[in-house]
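Same chain, two partners: chain A is paired with chain B first, then with chain C.
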Partner chain A sequence: MTFTSRAESEPTPIQALVRVLGDARDVGRLGLRTLHYLMRGKREKGAIAAQMLAVGNRSLFFMCVTMGFIGAIIAYQSGLQARKLVPDFSMIGATFLKLLVRDLAVSVGALPLATRVGAGIAAELGSMVVTDQVDAMRMSAADPVDYLVVPRFVACLIMGPALLAIGGLVAFGSGTLVANLAFDVSPHTFTNLTFVHLGDLALAALKAVTYGAAIALVSAQRGLATFGGSEGVGWATTEAVVGSCFAIIVLNLILSVIGFFLFPA
Partner chain B sequence: MSGFVLALPARIGAVLIAIAEQVGGVSLLTGRIVARLRPRLLDRDELFRNLYRMGVRSVPIVSATAAFTGGIMVIQAAPFVDQFQAKAFVGWAATFTTFRELGPLLIGLIFNGRVGANNTAELATMTVTSQVDALRALAIDPIGYLVVPRVIAMVITMLSLCVIGNTIALGGAILTADVLLDVSPRLFWDSAAERLDTWDFGVGIVKSGLFGLIIALSSCHYGLATKGGAPGVGRAVNASVVGSAAGIFIADYFSTFLLG
Partner chain C sequence: MKGLSVEVRVGLLVLTALVLLGGFVFVLGGFELGDQYDLYVDFDNPGNLKPGAPVTAGGIQVGRVADVEYRGGRLDERTGRRPLVRVHVRIDRNVQDTIHENAIFYVASQSVLGEQMISIDPGNPERPPLEEGAVVEGVDPPRLDLAFAMAFELLEGMTELMRDNREELMSAFRSAGNLIRQMDELLAENDGRIDRIFANLERATKQTNEVLDGANGIVNGPRLERTLRNVDRTLAAVAADIEPLMRDVRSMAERGNEALATLGPEQRQEIQQAISQAADLTEEANATIADARAIVSHIRQGRGSVGGFVMDEEIYDDVQEMLRDLKHNPWKLFWRE
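What follows is the complex of A and B.
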């Protein structure tokens, strides 16, 4: 079983930190090259649309299911929490919507999105690398970043926020249902937008776009850095999912701190 | 015309049949594992190797995730603190949500990506290179030798990672509350200690064990059911990660209701 050799090489904490920073640098470089080709690269007709179909439409069912459950969970937990603090549930909808819009719909929803889309991108690019298709492109003077990464990047940038927005609506629907069934809060009372401000929406949109870009770039970088045959594709997929999820959590903290100062409640 | 009318039901049916197929496969695997759950049959070396590989090696990423989660939960509570002048509630609000819900969920998703995907890739590679058949030819039961230690290791690992993660998330939350919201660690701690039950912590632990079981069963099932040579490995990993993530969210929902 030679498979595990890569997992069992033991890095010291400093080596691990250096590796994380190196990965971040590589992702940043890939991002710059992607932006460069986005501005002046050649555009293959239909490539972006094909990627939007793969990233967006094919993930819609999965996102709706997970976001439906997420909304129900958040509503139930906030109900439990509210029951301990205040006797009535009149404000549960307002706080639920505030939390959902400002952070949870986008940030929690981005994790299943990263799992689904990131794994797909890394597996696809990784298979192309280990079967030498990417080298063949370079031989034909076609830059893989231009042909492979740019369409996926654009697709994630557009479809990521769209999926998260649809997911947020589904989460709101299931949250309303649970609040009605479990705590007897009427949908009318639950739909309370008093706490939701324009700044919350702006913050959510900023987060959604950033996460979309991060998922595409981290997964593409991992996919293009694949080596070692079909096992390597498995590794690249693993690292893409973990890397994108971790990037989302770190970006969430950074953007939340920025939002805390820019758009105070 | 009839093709057009039947296209949607046919696709829905295909999706449902595919889901039923996977759920059935996981159930069969569960039955086979339960039949082999006897201490005498357990391969201890394999168990400890997996515990180290899956558990010890996941501590850094889980710690980092947990620290950020704690911080994020405090920032999310901030608008309400300003609005209701409720500094005394920050500690409780942040720890309640982190312990019960977000801690296990985020750690589960990261664990799914790191360990679950890895496990599927490993088993799938062994399957497509006929190493699993070779084990059978040597009269070694692949489920007992490969799967049972992994399942046990993943459940134990998730339980312990959740305890470690919750502790670190608490640290991250206290730090963020002190720096950003000017809530002193003392106030934070008192607020959490006064209103949290042991059960709030317990719910999270039970959930994370459940997530560990789901990730283990689904990643082993997809790994052993791999078909189609080397490209099949990539597909199996992809399907396993997505399947476990869906399983985690569904299990989270039901356990939230059942554990109250």
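What follows is the complex of A and C.
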């Protein structure tokens, strides 16, 4: 079988831009349909809980390990840079926490979440598409958005922020440990919430919810757009991860600018 | 965990996240469980002080900044002051008795780059504690931004001045250099003289000090005090007597004028003659006195018989010897050996 996925082609910059805008349009349409079915749809009992388990509980260990390493790396690099500027580590915890709460815990944490959850959603939906299960649902007058996308969307919307909150805590813990071991900063000194304000937390919550929704919608859109058999599923999965990460970065920029005006640092 | 249902397992995870989030909000919101009381601190410029900033006493956190209100110099009728900024602080009730009326509230930083906070110097324990709701004046933090701006302006002005007047400045520096060189040569040439000048100055200073010490002794001594007292007394007596005296003089002058008015031209001529005679008489008397003075001077110098008699000690001794001899031998008056 001759199959050429979008990922295999080498588009010009303009073609790539057009493709990205087209994908954004498709994701937007899928989002609107998802919201519509979220209000009026009929879902299978326990479908959302099952998806929450898959998205949340089964990603917890991966998220904790990843965020633990990320927190340790950020604390160590911050300490190295701080030591070059001022020989004073008393405020390193305060700046670390500010950075972690306002941006890194959610924005950096959302990237491994996108790889873990987004790939799963795209692969699952892509497999259903290539095995004609989605077409069968359509023939049974069951909209796949209602039965497949909405539970995953709701699961990501709830479990995404929950995982990012727990991941942030783990990152802070590992950062505290590294600061203590590498720079002799006591945990009490490191735990300094002076620079963190409620606005930072509100901005982090807004980002977490938005990223959760973006991961679900981008991955579902790529999964439902799968074609070309098992190889197509592989490419759909890759595109879902790339698209989710790209969406997270673009959304981070937009939300950071909004947050700059709503919750000044 | 395996035995739990899907819903419970999911719920536990969500609950954990919610508890974490809630705890974080609780800590960030500065919610205090203990009893607190309010104080208000007025500043002209509290710097970058924000609500939620810690309030410390002796380095220990005892409260938080609840609000920072811009008042723009509006009159506060309660205190009669016009604060620019009023900071509302909430302090733990259990330290209320340690923060006294003369406590000092100032804005400090946690570290070089740290957030600003309010630090309290609790004041004198003998003064009563600050009451709830009291309004006190705080000490503004140093305006580093202002200092930097002024320093920058000064440097800029100096740079501009130097750039615009480079030639004049170089000439002035050259002149100053020449002046210093000439001064140096002058000092080297007159080294001995300058030493003498300084020695004289030192001596003069010493003498002046001695004079001043003496003057101090006089000024502070009893003699001056006594003199001043006497002068004071005299002035008081003069002041008391001057009025009747002046009255007498005035009446005497009036009488004299009246007497002169009654005199005719002949009588006045007689008086003038009498006065001129008196003047002649005085002249003669003066000449006589001068002669007498010359004679006395002669006698004092031991010249002449009288002078020799009066001034010569030997004659005095001889006469004394003779008188003593006559006392013992009166017959010598009549009988000559």
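Everything below uses one rule, namely that the second predicted complex is superposed on the first by the 255 of 265 C-alpha atoms of A that agree within 3 Å, B and C clash if a C-alpha of one lies under 4 Å from a C-alpha of the other, contacts with A are read in each partner's own complex, and residues count from 1 in each chain.
The rule we apply is simple: a residue touches a chain if its C-beta (ideal position, glycine included) is under 8 Å from a C-beta of that chain, and two chains touch if they have at least 3 such contacts.
Quick caveat: nothing in here was measured; it's all calculated off a predicted structure.
A.B. asks: Have a look at where A:Val241 lands relative to chain B and chain C in the superposition and call it first, second, both or neither.
C.D. replies: first
A.B. asks: Contacts for A:Asn57 in the overlay, against chain B (first) and chain C (second): which applies, first, second, both or neither?
C.D. replies: So A:Asn57 only meets chain C here.
A.B. asks: Would you sort A:Ser140 into first (chain B), second (chain C), both or neither based on which partner it touches?
C.D. replies: The answer is neither, since A:Ser140 touches no partner chain.
A.B. asks: Answer with first, second, both or neither: which of chain B and chain C does A:Gly46 touch in the superposed model?
C.D. replies: second
A.B. asks: Does chain B (first) or chain C (second) touch A:Thr12, or do both, or does neither?
C.D. replies: After superposing on A, A:Thr12 lies clear of both chain B and chain C.
A.B. asks: Among the partners chain B and chain C, which is in contact with a greater number of residues of chain A?
C.D. replies: B
A.B. asks: For A:Leu201, select first, second, both or neither according to whether it touches chain B, chain C, the two together, or no partner.
C.D. replies: Only chain C is touched by A:Leu201; chain B is not.
A.B. asks: With both complexes superposed on chain A, which partner does A:Ser230 reach: first (chain B), second (chain C), both or neither?
C.D. replies: Once the two structures are laid over each other on A, A:Ser230 reaches chain B alone.
A.B. asks: Touching chain B in one complex and chain C in the other: list those residues of chain A.
C.D. replies: Dual-contact residues (chain A): 195.
A.B. asks: Within their complex, state which residues of chain A touch chain B.
C.D. replies: Its residues touching chain B are 1, 3-4, 7-8, 13, 16, 61-62, 65-66, 69-70, 72-74, 76-77, 80-81, 84-85, 95, 98-99, 102-104, 107-108, 111-112, 115-116, 119-120, 123, 126-127, 182, 195, 229-231, 233-235, 237-238, 241-242, 245-246, 249-250, 252-253, 256-257, 260, 264-265.
A.B. asks: Touching chain A in the complex: which residues of chain B?
C.D. replies: Spelled out, the residues of chain B in touch with chain A are 15, 53, 57, 60-61, 64-65, 68-69, 71-72, 75-76, 78-80, 82-83, 89, 93, 96-97, 100-102, 105-106, 109-110, 112-114, 117-118, 120-122, 124-126, 128, 131, 180, 195, 229-231, 233-235, 237-238, 241-242, 245-246, 249-250, 252-253, 256-257, 260.
A.B. asks: Which bits of chain C are touching chain A when the two form their complex?
C.D. replies: 6-7, 9-10, 13-14, 16-18, 20-21, 24-25, 27-29, 52-54, 110-115
A.B. asks: State the interface residues of chain A toward chain C in the complex, per the touch definition above.
C.D. replies: Spelled out, the residues of chain A in touch with chain C are 46, 49-50, 52-53, 56-57, 60, 86, 88, 90-91, 94, 158-159, 161-163, 165-166, 169, 193-198, 201, 205.
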